[in-house]
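Each of the two complexes below includes chain A, the first together with chain B, the second together with chain C.
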Partner chain A sequence: MAARLRWLNLSGALTMITVVGAWQLAVDTGLVDLDYLPAPSEVAQAGASGLSSGELGSAAAHTLAVSLVAWLIALVVGVAAGVLIALWRPARVTLTASVEILRTLPVVAFVPIAVLIVGLSTTMEIAVAAWAAMWPILVNTRGGVDAVPARLHEVAAVFRMTALRRVRVVVLPAAAPLVLVGARLGLSFALIVTVVAEMIGNPAGLGYQIVRLQQALRPDEMFAAVVVIGLLGIGLNAALLALTTRVAPDMFEPGRRA
Partner chain B sequence: MSAQRWLASSAGLLPLVGLLGLWELLGTADSPYFPPPSTWWNAVELLNASGVLLPELLETMETFALALAVAIVVGSLLGLAIGALPPLQRATSPLVEFCRTMPSAAIVPVAVLLIGLGRSMAITVVVFAAVWPIVLNTAAAVRSLSPVLHDAARTLGLPAGARVRKVLAPALVPGLLLGVRVATPLCVIVTLLVEMLTGTGGIGSLLVQAQRNFISAQAFGLLVVVGIFGYLVNSSVNLIERRLLRDWPPRATAR
Partner chain C sequence: MSTVAHAQPAAEGAGPPQPPTEEQALGYACRGVTVSMPGPRGKRAILSALDFEVEPGEIVMVVGRSGTGKTTLLRVLGGLVPASAGTVLLGGQVVSGPPASAVTVFQDYAHALLPWRSVRRNVALGLEGRRDCSRVERDQRVARALEVVGLAARADDRPWRLSGGMQQRVQIARALALQPRVLLMDEPFGALDAMTKASLQDQLLEVHGRTATTIVFVTHDIDEAVYLGDRVVVIDGQPGSITQEIPVDLPRPRDQLATKERPEFLELRRRVYDAVGGVHGG
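And now, the complex of A and B:
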């Protein structure tokens, strides 16, 4: 019950309402007179008409689908590479420094390169978003596998587990909390880079909508698209957080682990 | 020891070096997709010789540095307030969460419409994207302050100035610095992003221009320039943090 009340956070909701209300009032009364600042009511109207015409919905669906596909690819590659680097010494020795260098290259700078190589397409979007999402997953998986207690490895050795079985039964469950942290970071990276790729490269999805509406000087519809992107970000984050608390509840109550 | 470490880390570079070497051997100089690494240097050198590269690089650095400075000032003040007043933290948390998860790219067109093109727009966007780790880490540091510290300062009758200098600053600076370390790469990325999206100058817009004109060697070369810039900025922030924290916390609080 208490947890439920805490989740509601009345004062937080009140702040949001106040901010939106003040914005509405400021525009209505002409207190803030910016040429291209629509009132929240106009944004809501534009959002509703965008949704009913299907334009906003299909753009959002495109962005969401691309982000999720890219994230899934990043998850598979990132977890596999992270486990390999953590457990197999030759991979660790030869890959660590290269990973560090590639990981720190600013992600957005890869978008023009990807446009050059792959062209303006959905494949390009998926490629850059997966590239960006892979690094936090890889690094966190490696950290999580490194932190698996030696005792568990010994148990696996006593049971004469094959390498694959050891990874599946012992290593991954023990590393799951950190892998999930990486997965959550990776998902938000995937969404951001997908939007960037749509703004610079592939003319599709919410990123393209925003750029197009800005250039067409239609601020109300543009704000509606921005709000949808913000809601997508929050929704994806919340969904993964809920999954995390279900899969690894220990993470948030360290006391239970002992 | 250092020779051994050098050897170990250079072994880690092997795949990258090998890939670039193979690329150099197999690539043809006029390939539109995969120009060999040797042509990257020429392309960047050409930009430099025509006097374009340095001013744009300086512009990127200036935007980055100003935005980081503003983010540190604004972020630490907001973090102090949010951390010190739990009701304020509760009231602002949904708003902070919304702003924090908002993909930074999406606010660029909004800022262009509202503020117009220019440096203040770029700085606003970068600060909006990078300020949150500083806010949250400072607030967390304030919340984790032990009440004993306040009591001790009061018992000793420390004046306000001394309380900030001897009690608050030593306890809060590590948290603030952690926030700055997280915010720095964000600042680099969003600075480039704004330049790429608006095309109004800086390395980011050079990169997009290279792509639009299909000068792929230049695009790859600029990617390397951007990578070196990011690497230098991040490692100097790490260095500053380590220097500052080497003798942290000051002896007086450790006793």
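And now, the complex of A and C:
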């Protein structure tokens, strides 16, 4: 599925064009007459001027950078913890209950706490986003490692692999498809929570732009910021898929278990 | 025999004969080996007080009905399961964990191979990360092992693109690449069709003839046990214990047709059959 992104999904594109067209028509004809609902054309105009002034671009760059840093931290911690919990009994016994409780807490509730502790800063954004992104990575890595056939562990034992080699050469590649699922979920979470942290915490990035523009009664620019967030999400996901299929194509071949 | 010739064009013709294994073959000595494992109703004994030896270079076939602990015995020899009581010595050393000189070949090749690696890199698996094996030597040993099992042409395929018999040959090549002094084989040909099975049996005998590796081979196929073995060990009962040891003095090299037509073969076959089937056998 990932190997060839189909750039032209005709029926899917048609749906979107229809919806946007209907929206444009509804506003133009006065069918829908709301004070603060801009037409798609106005949103596009606002987006273009926001980009040319550099305001939208620098906000997007901030949000993107924070999301990526948070996701990388989450990836390292989440994969390491997931492997450890799956393979090392003491870790499993002591940590499983805590993981199950912590991962279900709504992360947004942590933002005010993080603001209190770390202050209104980029560090706070990263901390909260990394926290949110870590759980799907950890849980999926653990699930993937749990599902590694016992036989493969025995093969590693027969070849007298050290624990580290076993993880690197056998366990992680075998668990890779689920680790990737976790990484993709984590990437979405990182972006979402970064924006939330910017809306209710650190005054920077796209999240803050949206709040600021709302208070300035500028719905067209607000929508433009929302569209940019959407594009970031799609772009990040596509980039991650492209990267994994390029770096390790056989790791994710769908038919590999055949 | 034709399969051997097919698998071995280089070694038979151009290449120099393979040097004999630099180290001596190793034998097993098992004393009072007992294995029990936790079951639904407390500990369950699987093997009880096994005493037996495997001579260096010998091919010992382990047969028995299912559930008598054949596979467990092999896992104990391979250091994958500790004996609950008794000792297992390999070349005079106590086995505690997989020994460096022994390699286990599993029945379920599909789960024993790494599907994300090419055939070549699967065969290299056991040699990677070893200080005593340079990259050049590793490549040579891998290429040689693939040649022995006749898979040199498929080296860059993924294992799951290969047939079952070929996948099992990949696993055997992976074991051979280590030049093990002991091969432990757990029903390696059990899931294969008769033709593939016969050709792999002959390849195994051919490899054994050249390297004198010690082989312990678990099977439920009585013909296979008599055809390959120097000795057939029969395990029976629950917990399993050795009920008979039947020496097989058929001449080598063995031949799928000629050997199996010999009256001694038929007689041995009947003896093993009785020993496996008879409740009070031995």
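Side notes on the structure shown:
Operating definition for what follows: the second predicted complex is superposed on the first by the 235 of 258 C-alpha atoms of A that agree within 3 Å, B and C clash if a C-alpha of one lies under 4 Å from a C-alpha of the other, contacts with A are read in each partner's own complex, and residues count from 1 in each chain.
The definition used in the following text is that a contact is a pair of C-beta atoms (placed from the backbone, for glycine too) under 8 Å apart; a residue touches a chain by one contact, two chains touch by 3 or more.
All figures in this text were calculated on a predicted structure; none of them were measured in a lab.
Look at A:106: by the touch rule set out above, it reaches chain B but stays clear of chain C. Look at A:159: by the touch rule set out above, it reaches chain C but stays clear of chain B.
After superposition on the shared chain, chain A has more residues touched by B, the comparison being chain B against chain C.
Of the two partner chains placed by the overlay, only chain B lies in contact with A:207; chain C stays clear of it. Of the two partner chains placed by the overlay, only chain B lies in contact with A:237; chain C stays clear of it. By the document's definition of touching, neither partner reaches A:143: not chain B, not chain C. The residues of chain A shared by its contacts with chain B and with chain C come to none at all. Partner chain A is touched in their complex by these residues of chain C: 78-80, 97-98, 100, 103-104, 106, 108, 111-112, 114-117, 125-126, 128-129, 158, 160, 178.
Residues of chain A that touch chain C in their complex: 149, 151-152, 154-155, 157-161, 165, 169-170, 173-174, 176, 248, 250-251, 253, 255-258.
Put simply, chain B touches chain A in their complex at residues 8-16, 32-34, 87, 90-95, 97-98, 101-110, 112-114, 185, 188-189, 192-193, 196-197, 204, 207-208, 210-211, 214, 216, 219-220, 222-223, 226-227, 230-231, 234. Against chain B, the residues of chain A that register as touching in their complex are 9, 11-16, 19, 34, 36-37, 93-98, 100-102, 104-113, 115-117, 188, 191-192, 195-196, 199-200, 206-207, 210-211, 213-214, 217, 219, 222-223, 225-226, 229-230, 233-234, 237.
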